[in-house]
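Multiple structures follow.
Across the two complexes that follow, subunit A remains constant while its partner is subunit B and subsequently subunit C.
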Partner chain A sequence: MSDEPRNATATAATDADAEVTGGFADRWASFRDREISTVLLTVVGVAVFPFLFNNFLDGYTQLATLMLIYGIFAVGFDILLGYTGLLSFGHAVFFGGAAYAAGIFSASVSSSPLLVLFAGTAFAVLMAWIVGFLSLRRGGIYFAILTLTFGQMSFYLAASPLAFLTNGENGFTSVDIGHLLGVIDIHGGVPFPLTMLVDNMLYVFVAVVTVLSVAMANRILHSPYGTVFRAIRENERRAEFVGLDVWRYKLMAFIISAAFAGIAGSLFTIEGNYVPLQSLYWTESGRIVIMTVLGGVGSLFGPLFGAGLYLYIENIVSGFETLGPFWHLILGIVFVVAVILFPNGIWGGVEYGQDRTMAAIRFTRENGIKAALRYALDLTVQKVKAVIQKIRSVPARLFGGEGK
Partner chain B sequence: MKVLKTEQLTKQFGGLTAVDEVDLEIEQGEGVSLIGPNGAGKSTFINLVTRRLEPSYGEIAFQGNSIIGMDPHEVVQRGMSKSFQTASIFPELTVKENATIAALAAEHGSFRFNFFRNQNSYPAVDELANEVLESVGLYDERENQADSLDYGNKRRLELGIALAAEPDMLLMDEPTAGMSPDETKSTVDLIKRVKEELDLTFLLVEHDMEIVFDISDRIVVLNRGSVIAEGTPTEVQNDPAVQEAYLGGVEE
Partner chain C sequence: MQWGDSDVTLLADILTILLNGLQQGAIYVLLAVGLSIILGTLKFVNFAHGALYLVGAYLGLFITAQVPLNDGQLVEWGIQSYGIGLGFIAALVIVPIVVFIIGLLMERFIAQAFYDRPDTDQILVTFGLAIIVQELLRAMLGGNSQPFPQPSWASGPIALPVVGNFPRWRLGVIAITAVLVLGVYALVEYTDFGLIVQAGTLDGEMVRLLGIKLSRPYLVVFGIGAALAGVAGVVGGPLANVNPNIGTEQLVPAFLTVVIGGVGKIEGAVVAGLMLGTLQVFLIQTGYAAWSQVGIYALAALVLLVRPQGLLGSEVDVS
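Our next item is the complex of A and B:
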């Protein structure tokens, strides 16, 4: 059989790899792969984020809070889009639905933020079970259209027939959020040591929920479900024929992603003390698709960055003096450039950079700094030449093949 | 006991009868090949048995129980596995993950409510996945992306996936299609080995007569949806109806 010698070389190569990598690169890789490290990285990230954002990027804490809320939404959406391979165009149902449910619950049942969060999420899960049950009968574009239809249906329901509950086009204004656990004023300031990092309690609350959400998503993706979801994305028929109930797993992916949308929607209500009718509109469903793709489908952290970048352009760049009015255009260009350069989104780009850095470290350790620099120079020259070649070929490609 | 039994199994597409009242019985441990010219209804028959297609009428019993009305995954869970015509694997996952999926389905059944349990807490699944890879000789490739395997190894991986649950019966749709002679030989050896080790019952659809005569205990010949001959390789080879179907069909 022909594969004996090849296997031998493959093993040898792996051994050599492990030896050379060693040290920092190796330790970083093993740290990155552990569950607790993911949680720790998220904690550090959300802790320093408002400080950096407010001081260096013209940000403000309220926007940072909103970024985390949409980040949670996008992380959940990616479980459906990136991992299971299902494109839903109706996730506004779960985000907006949870926002309304949370608002109405706070006004008429209990104003405890934790109960409000729970009620909104539970409502989203219930809706997802129904919408998923009906939409998942069809695949591909039909699934997308069905979910879009359910989204628009819920928008019109909230706009008029259910206006006695939702307050119609004015949005739901009677949101009443009480103190967290009865003592902590969620819209108030923070006690001393925290003041160095952040200035209000709401951010802390949302940040804690974000960390928990990321931890949950991480656990789900490392559970058997994570593997099964990717198997369905890769080859649905084969998954069915190894004996998996693909339909039920798809429904679970749908419900799980809606649960995250529900958490985000409820937080949105708690944060804004108001539910706009807009939160059920189809543009909300479209936004989350763009955020997720921009950040990087099929990664855990990517969608958080996608949500952040989207909201940054929408809220900060739109305030710039000259560029401001064109923020939609800028967003479009950023999206196109990101998708062309990094098909796996911002996070794909980050990972690519990380891999290249690791490879560079390895190469330097092996061959010394001189050889590494020479190699880098060669590579740069090559790349530049390739780009020039590409640009020069544009006229030929535009105006026919004479340039050959 | 009969592992598989079909009675009057029929599938009509509009006016065309693709499978016409086929009665087939397969005994435990038997290796049966289904052959026939193009368009004879072999693939349709396999699709009926795996429940991808709904029969127009007729009965399919697996291990003595009717499987009419079941979903494909339920039939697989009862012990009937299928290997596809093209290497049907999960291309962007690693070789190990491919085997893990099959192991999950074998160990946990078609669905389980366990999305908050870490994969590491199921050592039995991991063990089974490793066993599968060892049995098809792909253990050393486990960290590689399945897409990077050569075609022969992809087919072996696919066979491994199909065998992970130690099925009572394996349906194989042209398992050596598109393989080089070397790859074909090693696949045939692999099939023979698992048949012996697992006492595997199989139903094979194959165009390569050399393979068919090599590994089948019994051959069933299908033409225009009906069984026209049945018997040991030698009997079938000498059957005038078979020669007619293969050689004389052109004139009509």
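Our next item is the complex of A and C:
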């Protein structure tokens, strides 16, 4: 896909797709790239997810709901990290801030879930405007550290000076969520045809918001506006030279990603009826970074999978007999391996596999099965040789290679 | 913490704030100097610096005392306590050496592969490493806080003129920090090694063209930075309990210290660390304890917005 400039083979494969006409590979490629199919795939995905998750992966619906909530957060975060190339270590401000805003709004203004969602998101956008305006004056690591600074500042503000609003270390407990549109009990069951797929209304509500969020992210990223984000990531100076107001686009990318964080934060409050102080701590920002990178930066669906995998390890693997106590360690190792070896994450792997399969189908059709098998064998031998070479170079690197 | 009585004079109050601020800032300074020289010379962002502090603290505890275990995998495997009980001085000598070696390995196997990759990738991989170290320690030794005993020769209060009684160990922290930071400063400013490192920071390509190999000095710089973080763990351990979270807790203020002082500037790190420490202690002691953490972050944000290159940083460093 053209979303993956870091993956040269993927771009090459797309070009090749365009040259050869007809065939399964090309029909799939043209289907895949349409907006309606993205939305349809998401709808089907969120509809069957709880059924598969609960029956085959030891899951439960509440965790599936949480996965979607963090999925929305990660999709938004990826607009900033994967598409615009800015690493924020302060997105807990928007997630936790929206969660608190939603909670306080529900307790003192209105308990309508839609209004609560709107209030939380609006607060996140407002915060992002301020924090982004201040942090984006600096690039690279300074941006990461400035966002981290504002994040920690808001954590300590909520912890004690603002404890009269936030209830300090105990977290905000007086969340009050009413019925959706005044009639539907959001924490209740679902009507008949839906019962085959899900067992509570909350999941349906979160799933609908997820589909809308993914559709929105998809629309933004495929618009000219999203193309500018990518241009900034590839070469900021060049984007500036062609006359783009880079600073304004960066600020908007920041605010858009914070809006997604705000949606997720508000849903988090609606889901749990509680806002922990921890939701503002910088480890929360770290979590979303890990989820997004694991899933695959620079892809639309990757972050959803990253969020799912993270929460799966945190909640399900942690209960395993032998692996359980090491779940966080496992997560750290998987993360580091992903950063070093698979910069495009799970989704990068899926796309790589998909492109290779398409290429293999095409190659086989053109050259026959025999040539294809011989080629595959050669390729495997090459790969193994490369790995051996890499292992043998370790002593040289250890004792006096010329570094930087 | 014990603060002054109501009858102490204003002067004594101020001096106490300054001394406590020095002590509070000392840990920040030790961490920040290491972080700063690595960032300044190697242009490498090390989010695992807090993990090195953590390793230093646990290793220091291991060498200093015999610690009973009551949680974690080691207990389940039948190990009831750990530690060799050689005393504090031994820890102060052994820990920097071990962490120095860890630093060398880290440079060769992790950092080197990331010099040519974007800052964000460096942050990501070191952040992941920090999680691995922290969670390994938590899984093995449990998440409980362990008290780190103060060395017996430095525990208890000491009577100072004007200020009155002051914890002896805090003075020790200030003294050890001063000696180490002066040592690193002298190494960088007055030796041939320091000259090469400084020249390499300014224009690495030119230095290489002159026939000087830079990979070794850079390796050593990384090691020294790591060793300082390790010492910070040993020195800071007795001030509070040791648990797996202290690394990440110290990392953020340490980074702030670096950017406030100016990247690569040892003097800057010292000034910034003392500023943050003093501000924090001042707010606590004047009755605004709730604002003490907010205060240091607000100060950091203010400095970065007004003077992005840091207090003592030069304009060239701005990226």
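Criterion: the second predicted complex is superposed on the first by the 342 of 404 C-alpha atoms of A that agree within 3 Å, B and C clash if a C-alpha of one lies under 4 Å from a C-alpha of the other, contacts with A are read in each partner's own complex, and residues count from 1 in each chain.
Everything below uses one rule, namely that a contact is a pair of C-beta atoms (placed from the backbone, for glycine too) under 8 Å apart; a residue touches a chain by one contact, two chains touch by 3 or more.
Because the structure is a prediction, the values reported are computed rather than measured.
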Give one word, clash or fit, describing how subunit B and subunit C relate on subunit A after superposing. fit
State whether A:Glu234 touches subunit B only (first), subunit C only (second), both chains, or neither. first
As a test of reading the superposition: which chain, subunit B or subunit C, is in touch with more residues of subunit A? C
Once both structures sit on top of one another, what is the angle subunit B-subunit A-subunit C taken between CA centres, to the nearest 10 degrees? 80
In the overlaid three-chain picture, which partner chain does A:Leu280 touch, first (subunit B) or second (subunit C), both, or neither? neither
Let me test your reading of the model: by the given contact rule, A:Val336 touches which partner, first (subunit B), second (subunit C), both or neither? second
Identify the partner contact of A:Ala258: answer first if only subunit B is touched, second if only subunit C is, both if each is, neither if none is. neither
Give one of first, second, both or neither to describe whether A:Glu35 is in contact with subunit B, with subunit C, with both, or with none. first
Once the shared chain is lined up, is A:Ala102 touching subunit B (first), subunit C (second), both, or neither of them? neither
Based on the superposed arrangement, let me know which partner A:Arg137 touches: subunit B (first), subunit C (second), both, or neither? second
Please provide the least distance in Å between a C-alpha atom of subunit B and a C-alpha atom of subunit C in the combined superposition. 12
Per the touch rule, the subunit B residues reaching subunit A in their complex are 50, 71-73, 76-77, 81-82, 84, 88-93, 97, 100-102, 104-106, 108-112, 114-120, 122, 125, 137, 140-141, 143, 153, 161-162, 164-165, 182, 186
In the complex, the residues of subunit A that touch subunit C are 81, 85, 87, 89, 134, 137-142, 144-146, 148-150, 152-153, 156-157, 159-161, 163, 282-283, 286, 289-290, 293, 325-326, 328-329, 331-333, 335-336, 339-340, 343, 397-398, 400-404
Using the touch definition from the top, list the residues of subunit A that touch subunit B in their complex. 1-3, 7, 10-11, 14, 35, 216, 219-220, 222-228, 230-231, 234-235, 237-246, 248-249, 252, 256
What does subunit C use to touch subunit A in their complex? 39, 42, 45, 73, 107-109, 112-113, 115-116, 118-121, 123-125, 127-129, 131-132, 135-136, 138-139, 204, 213-216, 218-219, 248, 252, 255-256, 259, 290-291, 293-294, 297-298, 300-301, 304-305, 308, 318-319
